[in-house]
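Order of writing sets the chain letters: A, B, C and D. Residues in each chain are counted from 1.
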Amino acid sequence: MAQNNNFPETRYELINPDPLKTDEYILNMGPQHPSTHGVLRVLLKTDGEIVEAATPYIGYLHRTFEKHAERMTWPQIVPYVDRMDYLASMNNDLGYALAVEKLAGIEVNERASYLRVIVAELNRIASHLVFLGTYGLDIGAFTPFLYAFRERERIIDLFEEISGSRLLYNYIWIGGVAWDAPEGWLQKVADFCDYFEPKIKEYNDLLSFNKIFIDRTANVGVIPADLAINYGLSGPSLRGSGVKFDLRKNDPYCIYDRFDFDVIVGEGAKGTVGDSWDRYFVRVQEMRESVKIVRQALKDIPDGDPKEKVPRNVRVPAGEIYFRSETPRGELGYYIVSNGGKNPVRVKVRAPAFSNLSILPAIAPGLMVADLVAALGSLDIVLGEIDR
Amino acid sequence: MEAKDIYQKLKDRFQDAILELNDEVLQPYIKVTADQVDEIAEMLRDDDAFQFDYLMSLSGLDLGENLGVVYHLYSMKLNHKIVLKTEVPKEKPDVKTVCHIWRTADWHEREAYDLLGINFLNHPDLRRILLPEDWEGHPLRKDYQPPKSWHGIPVTLEKEEDEDGAK
Amino acid sequence: MREYFKNIYEAVATILVGMWVTLRHLFVPAVTVQYPHEREELPPRSRMQLYVNIDDCIGCRQCERACPVDCIEIDLIKAGKDEDLGLTSNGKKKPFHVIRFDIDMAKCCFCNLCTFPCPTECIYMTPNFEYATEDRTNLNYHFANYTPEQIEELVKREEERKAALAKAKEAKKPDQNA
Amino acid sequence: MEPLLKFALDLIPGLSQLPHWLFVTLVALVAAAVLFGFASVFSLFAIWLERKVSAHMQDRLGPMEIGGWHGWAQTIADALKLLMKEDIIPKEADRPLFKMAPAIVFAAALASFAVIPWSRSFIPSDMNVGLLYILSVSSLGVIAILMGGWASNNKWSLYGAMRSVSQIISYEIPISLSLITVVLISGTLSMQGIVHGQEGNLLSWNIFRYFPFMFVAFVIYFIASLAEVNRTPFDLPEAESELVAGFHTEYSGMRFAFFFLAEYTNMFIVSAISTVAFLGGWLPPFEFLSFIPGPFWLFGKALFLVFVQMWLRWTLPRLRVDQLMYTSWKVLTPFSFALILIVSFWRVLTL
C-alpha cells in the first residue's frame, strides 16, 4: 500500500526501534466515518490492528461563532450559543445567560432559576441518553440506541411544549426564561421522572453489565487522574478517572447549592479506575442524580412570573468575566469581554469537549482500532462544540 | 489564597516580570510580561501554596495595539482561582508556551495562534487547528479582512458586502 | 482456572439477561408514529414557520433589528400628511406603507427573537412545518400586499417628496447664512 | 444425483423418454434454478423478517408502507432499486477480481444447498461425504471476501477482509470438531444418513442424546456458525462503527446486493446444517405429525435458528479481534475436544 508522504510528523509518534517492524499503515478515520460522532478526522498510524499514533484534526464544523459574537447584540448571541453543543442547548444557554447576568449584575427571578435548573437537568439526561445510545452503537449494539432515543423523545416533547423547539431551544434568556411553563407541564415532568427511573435498569441489563460490553470497554483507554487534570478534562470524563469534581458542587452556580445529589466518580468496578467503562457508567448513574435534582426542584418551585426581570435592552457595563458551568460534557467556560457597548468585544468559549478530545493522542498508542473507537466514544465529544 | 497574596509571592520571586495586580474588578487578575510566562506558570503549578493544577481556559484577545493572552487558573486541591494576563505587540506577538506545564494548553494555544496569530515560542506543534492549513490571516483580529475566495469557493457574498458598505 | 469458568458463566448469564430484555420488547407495542397517516398535534408554542399579519404591521422594524441572521427585510414609505392608513387591531396608528416585508425562511434560524419585540404582535411563529419546496427561492415569503404599480407610484411620490424637501432645504440654507 | 433423478422421474414419469444425458442436464439445471430461486426468495424474506424482528425488539414498526400489509414488499422494492443503481467500480480497483468476488460469494453459498436433505426422497445429491463437502464449500466464501476486500483498494476493506479470513479460518475448527461428535454418533458423513440416525421422536434427536453433552456441542456449533456467517457478535469484518462497512465498503448496486443475499443464504445454510446435524433435519418432532411433509420441518426449524441469530444480533455488542480469537481457541476449541472425548467414551461404553 502506498505510503502517504504528507503525514505530518507529530510528537505523539511512538518511536519503536524494533528491527523486525513492518511498515505502518496510515489510516484516515474520518471526516466521514460512522463513529467519529460528526466530522472529526483522526489520522491513525497502525501496526496491523494496533494503533501507534492518533492525531485528531478538527475544524470541519467551524462556524466562526466567536467572530459572529463580536457583531451580535447580547440577546442575539443566544441562538448561536444553542448551536455549539447541540445536544445540550439548554446547558449552553444557561452558562451564557449566567455569565452575562453576573457581568451586568442582573437579578434573576426565583421561579426562572428553578425552571432553568429543571430544563438544564432534563437536557443533561437527554444528552447522556444520546451518549448511551451512540456508545452502544460504537461497540456494536444497536438496540440500546433506540431505547435511549425512545426516552429522549419524551424529554424533547417536553422541551417542545415549554420552548417551542425540539433541539435549539433559545429558552434561557439573559435575566430569566422566555416563557413560563405551560399549564400541567411540571406534572408532566414529574411523570417523566417516574417513567424514566426504571428504564435505567433496562439499559444496565442490556448494555452496561453485558459481558461482551464490559470486555470491550473495561481497561480500555485508561486515563489516570493526574493526566486527566493536566489535560484539562472535565465533567464525566474527569469523574470517570476518580476525581470527585463537579462544578455544581465545587463551584456552585445558579441555585445548585440548594439541591442534594451525589457526585458520581469512577471506581474501576470492572477494570481500572479511569477506563472507558467507568466513564460510561458515571454517565449512566448521573442520569439518576439528575432525576433527583429535577424532583427536588419540582417540589420547591415557587410561583411567580419568570419573565418579570428580563430586561428589554440588555446593557452590559465594561468589564470581563470568566464564567464556568457544568454541561453534560464538562466545564463550559465563557470568557466575555465587554466595553459597555451593545456588542461584546470578545466571547471566548472554553468548550469541554475541546479539552476532552485533546487527550486522545495521549491514550491512543497501544490500543486496537476497535478500542480507539471505544475510547473516543467514551469521551463523549460533540463536534459542534469543539469546532464552534 | 487571595489574589493579593499570590501577587505578593510572585512579585517576591520574579520582581519586574510581574507588572500589576488589579483586584478592583469582578475577577482579580495579575499582569505579567510575556517572556517569563512559562516560569511563572511553572511556579504557580508547583508551589505548595498555589497548586494551580488546572488550566481552565487560555484565551487570546485583540486589544487594538496589542494582543493579549489570558490564563484562567484553578486549583483543584485548594479551590482558588487566579487570572493571569500578558500583552504582546502585534508586530512581534511572541509568548512563551505553557503547554508543557498544562497539556491542555496545547490545543488552546494552537487555537489562539490560529485565530489571532499569537506566536507561542517552544510550542512543539504550532499548527492551525480550526481553519484550513493554508488559510491566510487571523480572523479574530479586529482589522481582519476576509478573502474574496478560497480555492475557488466564494467566501464573502457580494450582496452582503454591499449591505455592509451601506451601513 | 476459576476465573476462566467464571468468565464463561458471566458471558452466558449476561447474554441471556440481555436476550430476555429484547424478547420482552418484541411483544411491547411500538412507539412509532406513522407520520403522514397519523399526526401528533404540535404544542401551540411550536416554532415552525414565521407568519406576518401584515394588516397589523406598523413598520417599526423592531423584528428586523432583532433578527440575528438578517432574514427579515422591510422597506417602508412614509404615509402622506392627510393619508389615513387605518388602525391596527390593538388600536395603533399605521404611519408607514409597508411596501416590502420579506422573510427568507431558508435563512431563518427559528430563534423566535423577532416575535417578542413586536408592539402589535403581528409577527409570530406557527406550527406549520410542511412547507418544503423544490426551489429555495420559494422559501422567501413576501407578506406585503401592494401591487407593483402601487409600489411604483408610492416610490415616485416619495422621491418627489424628498426632492421637494431637498429643495426646501436648499432654499433655507442661504437664508440662514444671511 | 441419483435421488434427485428418481425424484424427478416420480414427479414427471414422461422424462424417461429423453436421452439420458439430456435428462441429467435438464434435471440439474432445473434443480439449480429452483435452489437459486429459493435462495433469493428466502433472502428477501429473511431481510424483511430481520427488519421486522429488529424493529419490534426496538419498539419500532419497521417498514410499513410498501406492499400494504406490514410492508411485505419492501425488500423487493429495495432489490429493484439496487438492480437499477449505477454500478460503481473504484478507479484504482482490481477490476476482474472486484467483479468476480460477489459472484463467488453467492456461488459458494448456493453450493452448500447440494447436500441438504429436504425430505426422505428429495436431496439434490446424497453424497457419502456430505458433511465434509459442506465444511469445505462453506469456507470457500472467505476467498471471495478476501478478493473483494483486496480488489477494492480501500484500507478499510482490506482490514475487513483480513479480519474475515482470520475469523473464518479460526472458527472452522470448532465447527468441524462439534460436527465430529455428530459423526461419532451417527457413524456416517452422509447428510441423509445423519437424519436417518435420528428417527424416532423428539428425544432421539442428536441434540438430546448423551445429555447434556450433545446440547453443548450444538451450542458450540451455533456460536461458531455465527462467526462463520459474520453475524453479531462476530460481525467484525463489516463492523460498521470501526470499518465503515468492512470488505464491501466500495460495493454498490447489484454487487452489494449479492453480498447481502449471500449473507442471508449463508444464515439459512448454517441453520439448515445444524438442523440436520442436531435437530433431526426434516423429521417431525413427534411420530403423529409425520403427515406434514419434511421440507416444512426442515424449513421451520432452520427458520427458528435464523430467528435466534437475528435475536442475538439485536441484543449483543460486538467482540474485539483478540476476544474473538480467545473465544475460538481458548473456549470453543478445548470444549469441543473435551466433548469428542466424552462422546467417544460414552459411545464405546454403551456399544
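The definition used in the following text is that contacts are C-beta pairs under 8 Å (C-beta built on N, C-alpha and C of every residue); 3 or more make two chains touch, one makes a residue touch a chain.
Since the model is a prediction, treat every value here as computed from it, not as a measurement.
For the interfaces C-D and A-C, the C-beta contact count is higher for A-C. Chain C and chain D have CA centres that are 57 Å apart. Mean C-alpha position of chain B lies 62 Å from that of chain D. Chain centres here are Cα averages; for chain A and chain C they lie 30 Å apart.
A straight line joining the Cα centres of chain A and chain B is 24 Å long. Shown for chain D are the residues that touch two or more other chains, namely 57-60, 314-316.
Shared contact sites, meaning residues of chain B that touch two or more other chains, are absent. Counting partners per residue, chain C has 15, 18, 21-22, 31 as the residues that reach two or more other chains. Looking at which chains touch one another, you get A-B, A-C, A-D, C-D.
Chain C contributes residues 7, 10-11, 13-15, 17-18, 20-22, 31, 42-43, 45-47, 66, 68, 109-113, 116-117, 125 to its touches with chain A in the complex.
Those residues of chain A that touch chain B in the shared complex are 8, 10-11, 58-59, 62, 64, 66-67, 102-103, 227, 229-232, 243, 245, 250-251, 319-322, 324, 331, 333, 335, 337, 346, 348, 350, 354-355, 358-359, 362, 387-388. Listing the residues of chain A that touch chain D in their complex gives 1, 25, 27-28, 33-35, 49, 136-143, 146-147, 150, 206-207, 210, 212-213, 215-216, 368-371, 373. Remark: chain D residues 53, 55-61, 64, 311-312, 314-316, 330-331 touch chain C in the complex.
Listing the residues of chain A that touch chain C in their complex gives 72, 75-80, 82, 143, 150, 153, 160-165, 168, 170, 178-179, 182, 202, 205-207, 209-212, 312.
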